[in-house]
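So that you can tell them apart, the chains are marked A, B, C, D and E in the order they are listed, and the count of residues begins at 1 in each.
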Amino acid sequence: MKTKLATLALGALMAAGPALADLVIPDLSYRTGPYAAGGIPFSDGYNDYFTLLNERDGGIGGVPVRVIECETGYNTEKGVECYESTKGEGALVYQPLSTGITYQLIPKVTADGIPLHTMGYGRTSAANGKVFSNVFNYPANYWNGASGAINYLLDENGGDLSGKKIALVYHNSAYGKEPIRTLETLAEKHGYDLTLLPVDHPGQEQKSQWLQIRREKPDYVVMWGWGVMNQVAVQEAANIRFPMENFIGVWWSGAEFDVEPAGDKATGYKALTFTGLGDDYPVYDDLRKYVADAGKAAGAGDQLGSVQYNRGLYAAMLASEAIKTAQGIHGVADIDASMMRDGMEALEMTNAKMDALGMAGFGPEFSVSCENHGGPGLVGVVQWDASTGTWNKLQDFKPTDAEVIGALIAEDSAAYAAENNISERCN
Amino acid sequence: MAQTQSGAEGVHSLPALLHRNATQFGDAPAYREKEFGIWQCWSWAETAKEIRAIALGFLELGVEKGDHIAVIGRNRPAHYWSMVAAQMVGAVPVPLYQDSVAEEMAYVLEHCGAKYVVCGDQEQVDKVIEIQENLHQVKHILYTDKRGMRKYDHSQMNALDDIMAEGSAGHARFDAELDKRIAAITYDDTCVMLYTSGTTGKPKGVVLSNRNVIESAKNSAEFDHLTRNEDILSYLPMAWVGDFIFSIGQAYWCGFCVNCPESADTMMTDLREIGPTYFFAPPRVFETQLTNVMIRMEDAGKFKQRMFHHFMAHAKKVGGLLLDGKSVGFADRMKYALGNLMVYGPLKDTLGYGRFRVGYTAGEAIGPEIFDFYRSLGINLKQLYGQTEATVFITVQPDGEVRADTVGVPAPDVELKIDDSGEIHYRSPGVFVEYYNNPDSTASTKDAEGWVATGDAGFIEEGSGHLRIIDRAKDVGKMADGSMFAPKYVENKLKFYPDILEVVLFGNGKDRCVAFINIDLTAVGNWAERNNVAYASYQELAGHPRVLETIRAHVEAVNKSVAADEMLSGCQVHRFVVLHKELDADDGEMTRTRKVRRGFVEEKFSDIIAALYDGSGSVSTTTEVTYEDGRKGSISATLEIVDAPVVPVAQHKVAAE
Amino acid sequence: MLDAAQTTDVQAETLLEVNNIEVIYNHVILVLKGVSLTVPKGGITALLGGNGAGKTTTLKAVSNLLHSERGEVTKGSIKYRGASVHESDPADLVEKGVIQVMEGRHCFEHLTVEENLLTGAYTRKDGNAAIQKDLELVYSYFPRLKERRRSQAGYTSGGEQQMVAMGRALMSRPETILLDEPSMGLAPQLVEEIFGIVKDLNEKEGVSFLLAEQNTNVALRFAHYGYILESGRVVMDGPAADLRENPDVKEFYLGMSDEGRKSFRDVRSYRRRKRWL
Amino acid sequence: MFYREAGDFKTSYRDDSQTFPIKFDRYRYYVVLAVAFGIIPFIINDYWANALLLPFLIYAIAAIGLNILVGYCGQVSLGTGGFMAVGAYACYKLMTAFPDVSMFIHVLLAGGITAFVGVLFGLPSLRIKGFYLAVATLAAQFFLVWLFNRVPWFYNYSASGQINAPERDVFGIIVTGPNASAWATYLFCLIFLTVSAIIARNLTRGTTGRTWMAIRDMDIAAEIIGVNPLKAKLTAFAVSSFFVGIAGALFFAVYLGAVEVGEVFGIQKSFLVLFMVIIGGLGSIFGSFAGAAFLVLLPVVLKLIGVDLLGWPTDIVAHLNLVIVGALIIMFLILEPHGLAQLWRVAKEKLRLWPFPH
Amino acid sequence: MLDSSEGYVTEDGRKIGGVVMEMKNITLRFGGVVAIKDISFDIREGEIRAIIGPNGAGKSSMLNVISGFYVPQEGEVWFHGAKRPPMRPYEVAQQGIARTFQNIALFEGMSVLDNVMTGRLSFMKTNIFQQALWKGKAEAEEGENREAVEKIIDFLEIQHIRKTPVSRLPYGLKKRVELARALAAEPKLLLLDEPMAGMNVEEKEDMSRFILDVNDEFGTTIALIEHDMGVVMDLSDRVVVMDYGRKIGDGTPDEVRNNQEVIDAYLGVSHD
């Protein structure tokens, strides 16, 4: 009891900080645990971009950005704690990089009026802005990913996948299960066989799944993995000599650290993407100048240019652009969360804009609307080359099966709306 | 004087008081006894019922008016009830010391001619049966605890429960007779007979009337504003007048609750549980408790010890003043309050004095240090001076006038006078009726006008009017050189050292004083542990050179202080021995109230005294010990005789003359 | 006083010296207060006293086994051959030559008798031959064990388990054995047998014993010196022969009255006060 | 030193066997209750509720439940996570199937269903003990998580397999979903905890508790005094699972709002609750509270100190957190194997004896 | 005298009734080891029956047969005139047979009071819901049984350790607590396995007193295993002597004491 009171007192002390004019961006990162390999570069990129804006531009619209990092360890309970402890600071947008935490936060942020950006993860049907007012998952979601993968395979097979066997190796969690329904629908449409192979958290144990793959010899393996699961899968695939070219991962399964442990054998492994590769962008000059070389980089500062670092960078860029948009809409520099939401809903990413930011072609062009919080869902494909240690682009950002996805989104969001008694907006 | 009154508030007897209590506040608790894990509780109404049942049982047994009913046992409600029930049927209750050996008990039983005996347990029954072999006067034995009694011949023996049940069952036959007997009790009828365990000679049966008991109870209760909300713990021997007046006299007068501990071993725990508001104990209890406090504190950590001593020092400074209602500075008050939170409060609580409102110590002189210790904690401990013959109260200390060196002012309705020899005499409504079957002693103690000689020497202090006791008049003697020999004075000074439990000083008619000393096993034992002195037994510890050295130092210090007193400077202790056994009532060396029987000791240990005077360095002796069942054993030891430094007194004498 | 009283050897070297120890369990419960005793080389010293008197606690204090029961020696010292045992753990003590045989035997039930015995030689480094020799020695003292060497200890009788426990202790070649309640639960002849072996070991092998025992009668017949503990204190000590003659010991510990053995049917519900003097 | 026990005596067995026989303890208990019910609801905010108090309250219920099984009945269980999941999924199915029924009923029924499942998985305890039973319950843990992952009916066929708590109320006060106010969720859980603790205390101080403890301490002796081991063990499993089920339901519905079974109710949850029970003290209701408080609050406090006060990087603090919590657990197991409850008892004993040391 | 089915009268005048329990030709084997070989004896109402014999003679196994831990391969157990089917120990307990163990089987984690309270199990009639509620029936029941238990605690003079955890008690007191627990069940037949083990004379005297009082005041039939011959000879009415699983003697203490086979196998010299 005594400890409890002491903590409460301490908590109250913490909460009473000085109120400065700043733009608060919580970063629910995870630098520990089995998913830290992905969490660290993403968070570094996210942080560094805002640092860059502060250092170079003095913030956004003259208001400095304050990033509050909070360690979740990819754990939902800690995610809730982080959310609760930061929301009072005037948080503008949450980017938890965890589908599990996203599910906790969707109702909470909606109630609290704070936008949630789940870029390429989270609840896919949140793309339906009519139901999910405060949740955004642009520029692409899982179902885009699933469809993108199938589209790519269709292209490879001349538009016909009938009779082919495709296996889905997925993280046995909300995250991994997300694409199943799309893949099933697409299977009906395109006539392929789908085998589901769940891998339990954290994913180190996949022997039986890969034995099954060796036995059943699917034509393609699609993977929804994260963290340590990815490298184990790639390693296992190499071990059973599964042709890497026929192994394609979602964007969260396509970073350097996922394939490097398997060495040369990983060459040929493919992954989806919605962001640019490498550090050959002008923005990196500034990043080096203002952030990395100035010793202000987040974390160890050694992640610049890596896949997930770029995603973090991209997420931060989208956030800052949404802030700018919000500032524009409301004519206020020190915006609040609801303004931020408006900004995100009105976000428009054009090539020109990205060019100006020194990030030309870093992501697809898209615009967000009241109805559509999911963006266009353009998906690219990259392939790993172990000899150079680089990811090479195989296919540019291409559209996915909007018809199928749209119907699924409508169905799932309608179910959610019914369950939670939400009436549609944007009408 | 109250000789003509017909009874305080119209009640003539304890049964009448019982009736008053049972009708006026029948639901209030009258008795509690720790048994079967909880405090069993009897209200006044229930008590009245129980006592009536016992009385009916007595009638069933055929108890006649004027019969004596002995009660032998520890403090239990049933025993107290038996006494009142005895009064109801017109009999005289005679409580006996339960730890008496059979021999002692035989004398008393024979002297009072008790036909009925209420025994606490098998042990007492066995003693009575043993006595009965020669006495043949006891008609019936009752016992309260059935344990082990199964196999006895029950033709002249019953469980108290059984006769209660029988009495209740046959109430139709005896109700009228009982009511008649109750109604017949007058104010001057005998209430109780208590045997004094004199330090000399055989016990004498002090007859106390209803008037003695009720008037004394009433006066003393009013003096201290006792109410019926008091709780007392009854643990003192039932045969002692103190217990009778507190646990029966005042309890019935005020209607407060008498709590009986589970057993002697659990007394301290029970004391803490009950937390009496009104308390009575001889100094020895307080001494022992203080010794224990100090010993336990010595085992405490450094911080606690320092805190304890710091605050106790402060309490010594202001605690007594606060209790007396004197003015004390704000800072001191605050510090005392803090001390109360940290030390005094918890200490009082763990000792069982958390609810202590008023309490008395009597029977012997209490060391000023000890007395002040308790008072400084905020415990309103006071002294009184009394006797069985006075139904306890002669003088008492009023609130606000409490001092260690006096015993207070005369109690209400008590007159005092000091005769030429310095002996204290008193006259009061509590003055006893007579010594039973002993007109000579009665006459030599109580004169025709009702003045009673106490046998103690003392004087009334100028100004305050407080009585100061010097010593027992009979013990005061003269040294060979004619200077005064007042053993108590020196003994008390020595006994105030926690290491020393008991002292007997010799020197009457001799040229110098010598002493027997008993060490306090708890205190010295603890000291031994702390100082890495190994010992296995009392005897070994008592003979340890370092212990002797310590005691010698105490004696030296006392000698110095005695030498400073011109009158008594001759009483310095020249040589002493630390005895190999504790003086014990079973061996006849002490009375049951733990007063030394000087003459007996002198005789029994004459060989040691001789050695003390003949200059030998050690003495070998064999001492007989008596077990409760009368069997004898013996122990032998070689005692080292220690010479103590004395302050030369010649100059003093010159100066004095 | 102690040396003079030793019946076996006046000049006997003191092995174990317990000086004024105080033991507190659980930080608040005082179980031993100021216990002092000595065990001379080659002596059998008995700790006597009722249940809860502190005999076992004293043994455990010596063998440093108190910690496992949340007890600690808060005062005093325990020295073995002049060196404090406080710092050594029970295993070190075994190497120094002190081993405790616990009350209730504590054999390894699933091991055979012989395996049990061999565990006792665990700390020894003097090679198999020596151990085998000692094994034979143990068997010579406990011929019953030899018969049952292949039986699982759990299936042997109480007396045999006690022998196993003692034999196992012997295998560490101890100088001093702390023996806790060796007679408990044993049939009368077995008690005699066990104590006979104690005596043999003492006389022939020179092993010193400190034994805690309820069975005062037997203990005082075989021991040289006795300490009587009550309520965590030593209340009496002396040569065994003297103790046997002490009237209080007779009454309270030997069940003898002036008229000989008292019948258990005639027990009173109260008891004489003890006058340890 | 705060204890004043003189005059605090008992005249009936009823008084003697009450939960807090000492007056001071009783008053302190009333004060805690008064603060918990009368003050905290008025000053509580989302952070306190969601980050500290709700998890504490809910874990305390779970810990009480597990403590009954492990601490009182001596049956080791590693299936707590699985049983919490049963509670959560039962609650979810009930909430969605009967939207108009009070949430209170749902939680209770969820507890009941879990009790039933607990009894089923408790059946092996008759034949197997200790380590083997632990393995059996571990199997239950994995089976249950697998089941809830595997059978879409349990998650109403949602795409992600997640279950989401819709908004439900008790007497019109919303207690689940995002619109539930902090005080309402807090009070809702507090009531469950208070009642659970009282029930647990009543059971453990009476006949049932004694039969459990008898089985725990020595099953042979328990049988010889007439304890039917089957009945005793199964009641322990039932009561324990009932509490654990309630905790699971509250954990899902009130605290998290959305649950993914593998992550939230995985084996690590079983261990977490077991740690709470061990650190708190086996066989002590207070220990369950203390253990829950310790493991819920310690990381938060460490984070507050490390990140907010000292400004250290979050990952270092997170790692430090693990190290410190781990070290404390080990330290506890070594220094005080009987847990916080024992520390508390010793402290209390010391205070009662104050200023004396013993 | 012993053959009378109506019972007999002891030297000290107690009336012993008819047969309460009869063991008929019991044989018990563990694997190949024969623990009890074809033993028959009876226990009569109100008597104190001792079973003696060397360690490993099968005495404890016999008690275990009576209390249901072992089911003998051969022979019958008759209780109150009816043949007893194989039972679990708790069913035996419910029939009114209580016992203590040689190695003490107390609940170490519980207080003395709780241990003794467990003995009252068969008197507890409230269900788990009433107990969860506590107030009302459960509380009343607890109080009533507590009272009964306190009487036993008082009887056995263990008041001072009432609330002490059993694990802190020395062996002798544990024995007493175990007896208290057995008595709390108010058994018809009480089995005591070495009640005096590990006790000094003083404590044995106490225990003797308790056993006699239980037998005499509650009329409880007692069967006990004991090694202290003084105790056995003083307390028991009839003695069964076992050796290596066989019965080698049965009769009054005097008869047994003078039985040559018994002297050879067990007593050795006469113990007085």
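Simple rule for what comes next: a residue touches a chain if its C-beta (ideal position, glycine included) is under 8 Å from a C-beta of that chain, and two chains touch if they have at least 3 such contacts.
Since this is a predicted model, take the numbers as computed values, not measurements.
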Exercise. Using the contact definition stated above, find the chains touching both subunit C and subunit E.
Key: B, D
Quiz item: Which chains are in contact with both subunit B and subunit D?
Solution: C, E
Exercise. Could you let me know which interface, D-E or B-E, is made of more C-beta pairs in contact?
Key: D-E
Quiz item: Could you name the chain whose CA centroid falls nearest to the centroid of all protein CA atoms?
Solution: D
Exercise. Please flag the chain sitting at the greatest distance from subunit B, going by CA centroids.
Key: A
Quiz item: Distance-wise, how many Å sit between the C-alpha centres of subunit A and subunit E, to the nearest whole number?
Solution: 74
Self-check item: Where subunit A and subunit C are represented by their mean Cα positions, the distance between them in whole Å
Solution: 74
Quiz prompt | Cα-centroid distance, subunit B relative to subunit C, in whole angstrom | solution = 46
Quiz prompt | Chain centre separation in whole Å, for subunit D relative to subunit C (CA means) | solution = 47
Quiz prompt | Residues of subunit C touching at least two other chains | solution = 29, 269
Quiz item: Multi-chain contacts in subunit B: which residues touch at least two other chains?
Solution: 37-38, 147-148
Quiz item: Going by the touch rule set out above, which residues of subunit A reach two or more other chains?
Solution: none
Quiz item: Which pairs of chains touch each other?
Solution: A-D, B-C, B-D, B-E, C-D, C-E, D-E
Quiz item: Which of the residues in subunit D come into contact with subunit B in the complex?
Solution: 1-13, 15-16, 352-358
Practice problem: Using the touch definition up top, name the residues of subunit B that touch subunit C in the complex. | Solution: 121-123, 126, 147-148, 525, 528-530, 532-540, 580-581, 586, 625, 627-629, 631, 633, 635
Exercise. Note which residues of subunit E are touching subunit D in the complex, please.
Key: 67, 69, 88-90, 92-94, 98-99, 101, 105-110, 114, 117-119, 121-122, 124, 126, 128, 131-134, 138-139, 141-143, 146-147, 150, 181-182, 185
Practice problem: Please give the residue numbers of subunit E that touch subunit B in the complex, ascending. | Solution: 113, 146-147, 150-151, 153-154, 159-160, 162, 209, 213, 216-217
Quiz item: Mind pulling up the subunit A residues that touch subunit D in the complex?
Solution: 1, 3-4, 6-8, 10-11, 14-15, 29, 31-32, 36, 40, 69-71, 73, 75-77, 80-81, 83-85, 87-88, 99-100, 103-104, 106-108, 110-112, 123-125, 172-175, 177-178, 180-181, 198, 200-201, 299, 408, 412, 415-416, 419-421
